[in-house]
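Chain lettering (A, B, C, D, E, F, G and H) follows the sequence in which the chains are written, and residue indices restart at 1 in each chain.
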Amino acid sequence: MSAKQWNIYLSGEIHSDWRDQIRAGVQALSLPVTFTTPVTDHDASDDCGIEILGPENKAFWKDHKAAGINAIRTRTLIRDADLVVVRFGEQYKQWNAAFDAGFAAALDKPIVTLYPPQHAHALKEIDAAALATAETPGQVVAIIQYVVVG
Amino acid sequence: MSAKQWNIYLSGEIHSDWRDQIRAGVQALSLPVTFTTPVTDHDASDDCGIEILGPENKAFWKDHKAAGINAIRTRTLIRDADLVVVRFGEQYKQWNAAFDAGFAAALDKPIVTLYPPQHAHALKEIDAAALATAETPGQVVAIIQYVVVG
Amino acid sequence: MSAKQWNIYLSGEIHSDWRDQIRAGVQALSLPVTFTTPVTDHDASDDCGIEILGPENKAFWKDHKAAGINAIRTRTLIRDADLVVVRFGEQYKQWNAAFDAGFAAALDKPIVTLYPPQHAHALKEIDAAALATAETPGQVVAIIQYVVVG
Amino acid sequence: MSAKQWNIYLSGEIHSDWRDQIRAGVQALSLPVTFTTPVTDHDASDDCGIEILGPENKAFWKDHKAAGINAIRTRTLIRDADLVVVRFGEQYKQWNAAFDAGFAAALDKPIVTLYPPQHAHALKEIDAAALATAETPGQVVAIIQYVVVG
Amino acid sequence: MSAKQWNIYLSGEIHSDWRDQIRAGVQALSLPVTFTTPVTDHDASDDCGIEILGPENKAFWKDHKAAGINAIRTRTLIRDADLVVVRFGEQYKQWNAAFDAGFAAALDKPIVTLYPPQHAHALKEIDAAALATAETPGQVVAIIQYVVVG
Amino acid sequence: MSAKQWNIYLSGEIHSDWRDQIRAGVQALSLPVTFTTPVTDHDASDDCGIEILGPENKAFWKDHKAAGINAIRTRTLIRDADLVVVRFGEQYKQWNAAFDAGFAAALDKPIVTLYPPQHAHALKEIDAAALATAETPGQVVAIIQYVVVG
Amino acid sequence: MSAKQWNIYLSGEIHSDWRDQIRAGVQALSLPVTFTTPVTDHDASDDCGIEILGPENKAFWKDHKAAGINAIRTRTLIRDADLVVVRFGEQYKQWNAAFDAGFAAALDKPIVTLYPPQHAHALKEIDAAALATAETPGQVVAIIQYVVVG
Amino acid sequence: MSAKQWNIYLSGEIHSDWRDQIRAGVQALSLPVTFTTPVTDHDASDDCGIEILGPENKAFWKDHKAAGINAIRTRTLIRDADLVVVRFGEQYKQWNAAFDAGFAAALDKPIVTLYPPQHAHALKEIDAAALATAETPGQVVAIIQYVVVG
């Protein structure tokens, strides 16, 4: 009776090491979890469209080509996920994180939000679709531990 | 052979009159369109939870109760919509707009984004899920006219 | 631009007049709402199977035939609903109310729970799937008013 | 030609050893079955929200945080299940068990109910959505054996 | 608050007047029900393929063309239905009736079976997917009355 | 007991009057049918993107913007349709017609193909997903008549 | 790059050795196929309800209990299947086979029918939902070989 | 933490070695990808119906039988795919490729189109449903590499 392998998608902020913290915490507990993520190399994520498919004069279409390729990865991995953790950092618009949350919500994926407390009011609609709201990666690890092993 | 009545949900920014402009433009063309929107009274939207269901000591739960009640309206109307227009204004985080876009995308709803050009890079993931990107309410009216009457 | 007609299913307790209170409150506000309900005549609901399809020796099959016929109505109306209000009264097991809540949740129907506060702990799993929790029919009317007219 | 591994979710009562009896019975038969369950440690299940995410003054929000985290586990495992066994014990409201049954029913999961005969009338709506109704864990084992190996 | 108009599909046997009996019974009660049916003219149903689309040498392809055209109607109307009544008569294979029942079951449509008692054993799998089993058109009328008006 | 209003989407070739023939034939029979179509003005369909949303230097992006706007209309109307008629004319690639057929097939929409016989071999995969294959608009009218009125 | 393992459900007649012929043929070709079936022991299939869950006075309820338990197996395996082969033999009503075909059709499962030619007219509706119609187990093996290995 | 194995379906043109180029490129990178394809032997694909199921006098039915059998394979593999690459070559109608694209689009499968630039205008509707448009197999390999390993 092998344990279920959980697929957990880590969406959002790419400027801090929150994913590493969660991975390390879960690895230390030897939990049966596979993490997936968007491409977290910012330049690669911005430039993949023109690097692979050729240059564009307009920034809009450069972005469009990149976003399409990234969406192949992100939408597939969100659809595969058992749980989606959405992280909002201190800076930037981070609309893709909120988009992922909406996408996951409509697919009935359990969502955990992770952000510093000052964002709480601005994220209230997303929290209403989440099953837990955490402030630290350690709390997310504890949620995963609880959910996976009871 | 009566024409189809189109349901169009107008998501996002509540601080400018973009919805009125679209409504007026479409009304002037006598198109068979019903618009729906979130509650656009900011204070009502923030306070509905505690006003209806009683006070909370913590801002988080005040927000949570409000967001739940608003979600009854917004998720239902997005599910009913033939088209979702998502507006991002100049200010604020507007994560609920991005959430709505992701929610609509996963439900296979056609999406039109509407925002000032400086947001283009930050919205590239959402534009990748949209079928059109407009800068002005007038362009949205023109899209609706084209889509509804050809 | 006619307003959306909301379908609201009123599930649960049949021993108090909470449905009448909600109907009256909504009617006083002239809201575009159609309410649907299970059959609320307790004896009819228990006996419809044997009355229509013939007697049974065992109570289990009497109940089974009745429950099947009631399910034709209740599942159809829940599937049709924009919003499901689930009422738990002071007495009885009311497992059918909890079943309806689970059924509605898996169908992504917005849920409002309505019950006296002493049930809160026992209903926590259902509240986690609800978008609002009310204590009085008046609060439900206020939620409907807010959701329907903003 | 490897045999299908069946996923069976054991929902409901946590105060008797019915899950152990079913597990032992199935293990004795060496059937290819993986069982999943909610967290069955009552205190852990009640307290996980505040233990992981911090204290609450109100019992309602303490429960809400716990129920959200538990739902990450339970909804995921029910979605993964080939069969859902729902147990109602002698005591308590057990509304979460009935909720799980409704949730499973709307997802078209086969359901087996398991309860002492005195509950039959109160559970008739749930039985109408179940494919079998058992009184003992041994009967559930026999159903699993029949279903899995013929 | 207008009543719901129920769509009821009457599938199966075309050699007796059971549909007329149900229609007449429901009409006498002035219930808000719209009935739909397959084409019940046996020759038209068999010949529509070659009459509209040209002759075939092989009976198999004559049948195939007819069955395709009939399926446009039947599958659409079953998908539209709130309730599917499936009638098995005394004669013939009536595999299309059983097919309709399976089709309706997988779409989560409530099913009522209607047949003379000698068929009960052969129809046990279909009855397991039905919410009621009737022997007479009058019983079906009574079920509709109960379901529609309570 | 009002008759069902059928929504029929007429996809494909825009260079002959086949849609007019079907409309006229159905109108002469006074059938309860609403037809929907893509925008059939070829230039409007090609230019709508740049006319509404501004010019592009590259033909690819001009086309992309137009195709997105057209997709708002076409995907919505196909999703609304009870029946999709897909016409292939004598000329051009007509890949959008084949795309519509695939889109409709995956949505379980009944499909009727309409084309001159020389295309039969090249369209065999699409015919395998269609419920009827016609050569003339008159045959399509006859199918509609049969399907709608029996 | 491991080959896909195909799940094929063999529905229908239990009185001849057609399943063994297909299994043997596929095994001789060493194809990556897992076959699943209903319980094919006629008596076990009829009696499982009362043997596991206790006796019934009425044949109808004996059958009902058996059919429910069998449905746990059959519906799960059909949902798991990549391909459903439905066999109609020379005798009996075989309504469960036709039900399975309808169930599979509504779930968009590819269907192959298998029957002696004299049944062709009576099975035309089911053939209209099938992707191939075979007369012999050997033809089914050849279809599987073609589909799996090209 | 094993990497996800990606299923990629390679649809369309069968007259050039584009599939081999993609396979070779991906193999050189040792990516965890399983490719699936339609049967690419043109004669086998055309003749499988009559070879397995017997001759037909009319070319239409010969094609129909072949197309049905091919559809068992192609629809199943598209449903299984994480990504669908659709190739349009220089010649022929290639309506099946466009059909596959529409089928994949309605199933929310990410699509990459691959074709020589002269087809761009004719494929604009399909590109509007694609997340990337490539001109060479090498570009597709680069997209796969980026999507799979970041």
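The definition used in the following text is that a contact is a pair of C-beta atoms (placed from the backbone, for glycine too) under 8 Å apart; a residue touches a chain by one contact, two chains touch by 3 or more.
Computed from a predicted model, the values in this text were never measured in an experiment.
Colleague: If over half the contact pairs have to be identical by residue number, which pair among A-D, A-B or A-C is the repeat of E-F?
Modeller: The pair repeating the interface of E-F is A-D.
Colleague: Across the interfaces A-C and A-D, which one involves more C-beta pairs in contact?
Modeller: A-D
Colleague: Averaging over Cα atoms per chain, report the distance between chain C and chain H in Å.
Modeller: Centres of chain C and chain H (C-alpha means) sit 48 Å apart.
Colleague: Would you kindly tell me how far, in whole Å, the mean C-alpha position of chain G lies from that of chain E?
Modeller: Their C-alpha centroids are separated by 24 Å.
Colleague: When the centre of a chain is set as the mean of its C-alpha atoms, what distance in Å lies between chain C and chain F?
Modeller: Comparing mean C-alpha positions, chain F is 42 Å from chain C.
Colleague: Can you list every residue of chain H that touches 2 or more other chains, as numbers and ranges?
Modeller: 68, 71, 108, 128, 131, 133
Colleague: Note which residues of chain F are touching chain B in the complex, please.
Modeller: 33-37, 39-41, 44, 48-49, 51-53, 65, 68-69, 71-73, 75-77, 79-80
Colleague: Would you pull the chain H residues touching chain B in the complex into a rising list?
Modeller: 108, 128, 131
Colleague: Chain G touches which residues of chain D in the complex?
Modeller: 1-2, 4, 6, 82-83, 108, 110, 112, 130-134, 139, 142-143, 146-148, 150
Colleague: Per the contact definition, I'd like the list of chain C residues that touch chain D in the complex.
Modeller: Its residues touching chain D are 59-60, 63-64, 66-68, 70-71, 74, 88, 92-107, 119-129, 133.
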